[in-house]
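Every chain is named by a letter (A, B, C, D, E and F) in the order it is written, and numbering of its residues begins at 1.
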Amino acid sequence: MIGQSGIAIRSITRADPTALAQLAQFGVATVHEAMGRSGLLASYMRPIYPGAKVCGTAVTIFAHPGDNWMLHVAAELLQPGDVAILGTSAENTDGMFGELLATSFRARGARGLIIDAGCRDTAELHAMKFPVWSKAVHSKGTVKATVGSVNTPIVCAGALVNPGDVVIGDDDGVVIVPKLRAAAVAAAAAAREAKEMATRKRLAAGELGLDLYGMREPLAKAGLKYFSDETALQQEPRK
Amino acid sequence: MIGQSGIAIRSITRADPTALAQLAQFGVATVHEAMGRSGLLASYMRPIYPGAKVCGTAVTIFAHPGDNWMLHVAAELLQPGDVAILGTSAENTDGMFGELLATSFRARGARGLIIDAGCRDTAELHAMKFPVWSKAVHSKGTVKATVGSVNTPIVCAGALVNPGDVVIGDDDGVVIVPKLRAAAVAAAAAAREAKEMATRKRLAAGELGLDLYGMREPLAKAGLKYFSDETALQQEPRK
Amino acid sequence: MIGQSGIAIRSITRADPTALAQLAQFGVATVHEAMGRSGLLASYMRPIYPGAKVCGTAVTIFAHPGDNWMLHVAAELLQPGDVAILGTSAENTDGMFGELLATSFRARGARGLIIDAGCRDTAELHAMKFPVWSKAVHSKGTVKATVGSVNTPIVCAGALVNPGDVVIGDDDGVVIVPKLRAAAVAAAAAAREAKEMATRKRLAAGELGLDLYGMREPLAKAGLKYFSDETALQQEPRK
Amino acid sequence: MIGQSGIAIRSITRADPTALAQLAQFGVATVHEAMGRSGLLASYMRPIYPGAKVCGTAVTIFAHPGDNWMLHVAAELLQPGDVAILGTSAENTDGMFGELLATSFRARGARGLIIDAGCRDTAELHAMKFPVWSKAVHSKGTVKATVGSVNTPIVCAGALVNPGDVVIGDDDGVVIVPKLRAAAVAAAAAAREAKEMATRKRLAAGELGLDLYGMREPLAKAGLKYFSDETALQQEPRK
Amino acid sequence: MIGQSGIAIRSITRADPTALAQLAQFGVATVHEAMGRSGLLASYMRPIYPGAKVCGTAVTIFAHPGDNWMLHVAAELLQPGDVAILGTSAENTDGMFGELLATSFRARGARGLIIDAGCRDTAELHAMKFPVWSKAVHSKGTVKATVGSVNTPIVCAGALVNPGDVVIGDDDGVVIVPKLRAAAVAAAAAAREAKEMATRKRLAAGELGLDLYGMREPLAKAGLKYFSDETALQQEPRK
Amino acid sequence: MIGQSGIAIRSITRADPTALAQLAQFGVATVHEAMGRSGLLASYMRPIYPGAKVCGTAVTIFAHPGDNWMLHVAAELLQPGDVAILGTSAENTDGMFGELLATSFRARGARGLIIDAGCRDTAELHAMKFPVWSKAVHSKGTVKATVGSVNTPIVCAGALVNPGDVVIGDDDGVVIVPKLRAAAVAAAAAAREAKEMATRKRLAAGELGLDLYGMREPLAKAGLKYFSDETALQQEPRK
């Protein structure tokens, strides 16, 4: 159904609100690790201003290059707490989204936008504190000529997103948590953070990761050899 | 005459100052739309600091890769209110411009620089509030060996620029307004902004673009179908 | 020896501390020019926050894509005043470094990191004021499976770095000063800055680089011709 | 389940063999159009030699950057007529696949490989006529350290691929046909080709698309104006 | 007038046919040098098959991303010996052109296409020997929704093209010769080739460019020093 | 000494001729593996025609962007069996090398060129069978204004190259073998090829890498689980 045009789903199953609230406390890197190192969008997706942060429910948009019609369709289907997320049928950097649409999205209760295309009016969006992660900042205007879909599964910046999934964005990028895994991932993220708290204290005190994580033996087994000084480099090269 | 080297034009026809002052009030996206969605530089042209803004008259520079000689030639020909804009004969990211040239440009009354190459001393330029849009930030120094031209038509980041055109830059990028169209574009931009003011108010109140712009019927005609819930996605796929 | 895995050198020869302290006063562009326009890393290496600045001694790390094991090995070998600098055996943008490793590095006295790969936890690193220059910001986690080397010569973003070299980073990028040249380069940079101080004053007063640098005659010799106005462009094109 | 590691599915549902055989007769562009302009991989996926062509059933592989372990796991699960298709958990161009693996794949009956990473031994693969579409050609070797999955849904070069889908590749790139749509798409592609045959004949005879497709009226409505000659360009610019 | 939509010019001034025939004998590099190193399109414009070669008169097309409507408008205005050349209003890689349009273009007498976007049906175009230079090969289909222009000045891959200019393409890329300069450039190219013929013979006989071009003295003046062997590299570094 | 301009070394130490002759028998991927997965140039370095192959001794060239003067200096220092290899002081794609220089290089006995910049006259070079690996094909001409160096250590496409090292190029890219390691690497490559010969035979017979390399147990330990069919994917997701 991915990539099919002409479909708008009015009512979607959303992730558990408690799990969503818990996930909102963690950063993208932590959640990604808690999911077994999965769920990330590509690194070209960047926030339009530093410090942008969002956590909410995915309302998915499938659009065609240079055409922002479906963002207007999505506006009606957004509910408070939602994050709009847009994938395209071909690579595009046109400025599909700006301050007028953000005004409309905010009025509907949306928390932000993830767009695998361009964004414009970035100064105004920053002033409004409406967070957007995009592939490009570009003023190029768009047409309203071809229909796509809303609330069907999409691929956005290399990640599969189903409507109702949890979307988390911060300065490090964007991660998607499948709605069925939200509670489990929130628990794993909490456990990870608790463990890191202790680790952080020991590292700050000067303890080495080599000892803390027990790396010395595996490193030696994997072939790491220590030399006292650079004269080692002048020796006969090893294969 | 594009791409010819060895020419420096002392006196150029500039855009109407009233039109230029009017255009200075609008953002890049608005002006681009008011021109019928034309005039933009490529999206890789980015301000060296957030909040940079410029509007002025183009003094055009044609330079060769790794050679910033013509920026010195341009300095003499810059007048108060001008914006220097540089295109190259081949792709280049060397740091052709820095704080010393900015000091000179400012002393001549220039308002900023658009450079389809690299820029350096960005911290100092930010401190001076001398706005620059560039393709890259790079410290690579340049030579003074090959002449280009000043005040001939150039291509900069995919856009044609004639000397005397209006150059507008902000966080969303850069747009060029041909000097003969400056007054008409300023009027169109003002009309657009007035109209958007009303639209913004209605969108902020929760009204939908779908209704405001009368999109429901054209969307249905173009094939958009609404489904109450996700069970639609489990049905037999439509072609 | 470049590109050999399995080597960790404990003790390296460092640049002269006086020269290093002198070099810390200059920007990347100035030092690069003082070295005869050499030593720069590629322009894709960007600071993770504006205003980042570092000057210190290179502890070099050679790592494999998607594997941050050697950063832990490096932590033990870092001394106060060092800057870790990492090259990889193949292009990679995974987030090899984050806030926990920065905590460890800081506890060892390290001043920052240059990494030809990805970085994550950028908001936390900014809050800690731990400066990092990286190729990408990405949350992608890494494994600890393959050994590389520490304190062997590396290539980082197109530049050769020997352990003990001086590493300088600022908003304009990163430059490497070979340790044996540190004092000479510091002297040359100081001379350049002194000269530029005088130049800056004259340019700010409106004097032209054309006159200050004696460019008018060489420009004429190189074929630059001045025309009073744009009618020159309508004439028969010159070859 | 996308992005989960540690899963290998032995038996998958494949597309209908008749539909698959029909689809093998059409090019990528035709099939993509017949699917309503969907299903394409990104344009960076290129065949390693001109004239490469494949059509078969997807055996999907999810791998980590710089690690080709799962290609060996996949080899066992490939059946005659299958095409292996690999997505990664982060951007990577390492040479995960070469002539030895191709020998193994061919022995299992596989028809080719689509890999969102690098490929090597391209001269040997060309000589063997084993078709591969890849993101890069690079000799960089890989490790066998982290498990991914085989026959779970993957994202490859921006497209969702389910095990058992139809994969078609030619000089124009790669398209994925969901297995449930295979018969319908084959029929639509056949209809499209039949129609194009007639169109081609008329165009070859000099008839214009403008007339054949009835475009003159819509173009005029959309604002296209004809002018007899270039003097139109000297007139007052229109908004 | 660049970037204005809605204009189609029926009759354009073409370059002198004799000059065009002469220019057809030279390669892109030679013509570019004969124009004083100008006129090149960006290096990302590549022929879709090796050995492609074209020389003809530019019929210019201005199109919007993902919309190939204007190629049909252009078909009617193409005359025998013309080369269609297309620029876009924003970056785009969609497959705007394929075998059906090529059939139509050939029926009108067109010699080839230069397109700052994508091309598809490349195997068929190769079989037809219809030469195309494009930014990408991609199957992505396009719509016919927004009008652009035909035979107005355009920017294509960084170069300004006026209708009627000479377009030359080969394995090295594409160069544009302004129609008024065609005869002068053809003469300069012929002179250059004659001179290179003699040079080639002397170089083939083992004579050095250093002597042939009298470079030894300027090199010494510019600071080149010869050393008998590598011990020079161990000496105290020079500033 | 890397990056220093103004040095030309007449006589360099070359790799052992026997080792060089042995290395000429192996492909780039094999040699790279035999060196412990090191020595590769970046994947953007591509042969200008398929089937290009070279093995020879590095004569290194350090050049500035847009300036090919040092290629003429290198011509004199090339000896039969040498391969010229050029690194630049900043990113550049200008066409620094063409058919005339190739004629001169061939007359001196050079076997090919590796250039981290652009190349032109590619059709002529193909016809001459003069192999070149480059970053770009571009006709852009260059100047002769700034001296670089010949036969000093350089960085080319991310790899360190010392004069006299062995350079091997084929369809898979380029690898550098340090001259002191040439014999050892040749031996390791031969051993690798012998071992692969046996492996190839067994894989061709349908034996699996899983068994041949004993991967089943390590895969299970690393967490890989087999499921009989896709119903596994509908189960409760595992962390």
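In this text, contacts are C-beta pairs under 8 Å (C-beta built on N, C-alpha and C of every residue); 3 or more make two chains touch, one makes a residue touch a chain.
Being a predicted model, the structure only gives us computed values, none of them experimental.
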Same or different residue numbers at the subunit A/subunit D copy interface, by half rule: same
Chain of greatest Cα-centre distance to subunit A: E
Cα-superposition angle relating the copies subunit E and subunit D, to nearest 5°: 120
Selected pair, greater C-beta contact count between C-D and B-C: B-C
Reference subunit D; chain at largest CA-centroid distance: C
Inter-chain centre distance, subunit B versus subunit F - centres from mean C-alpha coordinates, in Å: 41
Euclidean distance of C-alpha centroids - subunit C vs subunit F, Å: 26
Centroid spacing, where centroids are CA-atom means, of subunit A and subunit F in whole angstrom: 37
Shared-contact residues (touching 2 or more other chains) in subunit D: 1, 4-5, 35-37, 40, 43, 64, 89-91, 93, 138, 140, 145-146, 153, 178, 237
Sites on subunit E touched by subunit B in the complex: 1-5, 35-40, 42-43, 64, 89-91, 153, 155, 158-160, 178
Subunit C contact footprint on subunit A (complex, rising order): 27-29, 32-33, 37, 40, 43, 46, 50-51, 170-173, 175, 196, 199-200, 203-206, 208-210, 213, 215, 218-219, 222-230, 232-233, 237-238
Complex contacts: residues of subunit F adjacent to subunit E: 1, 4-13, 49, 69, 72-73, 75-76, 93, 95, 98-101, 103-104, 106-108, 118, 120-124, 126, 136-141, 144-147, 151-153, 163
Contact set on subunit B toward subunit F in their complex: 64-67, 89-94, 138, 140, 143, 145-146
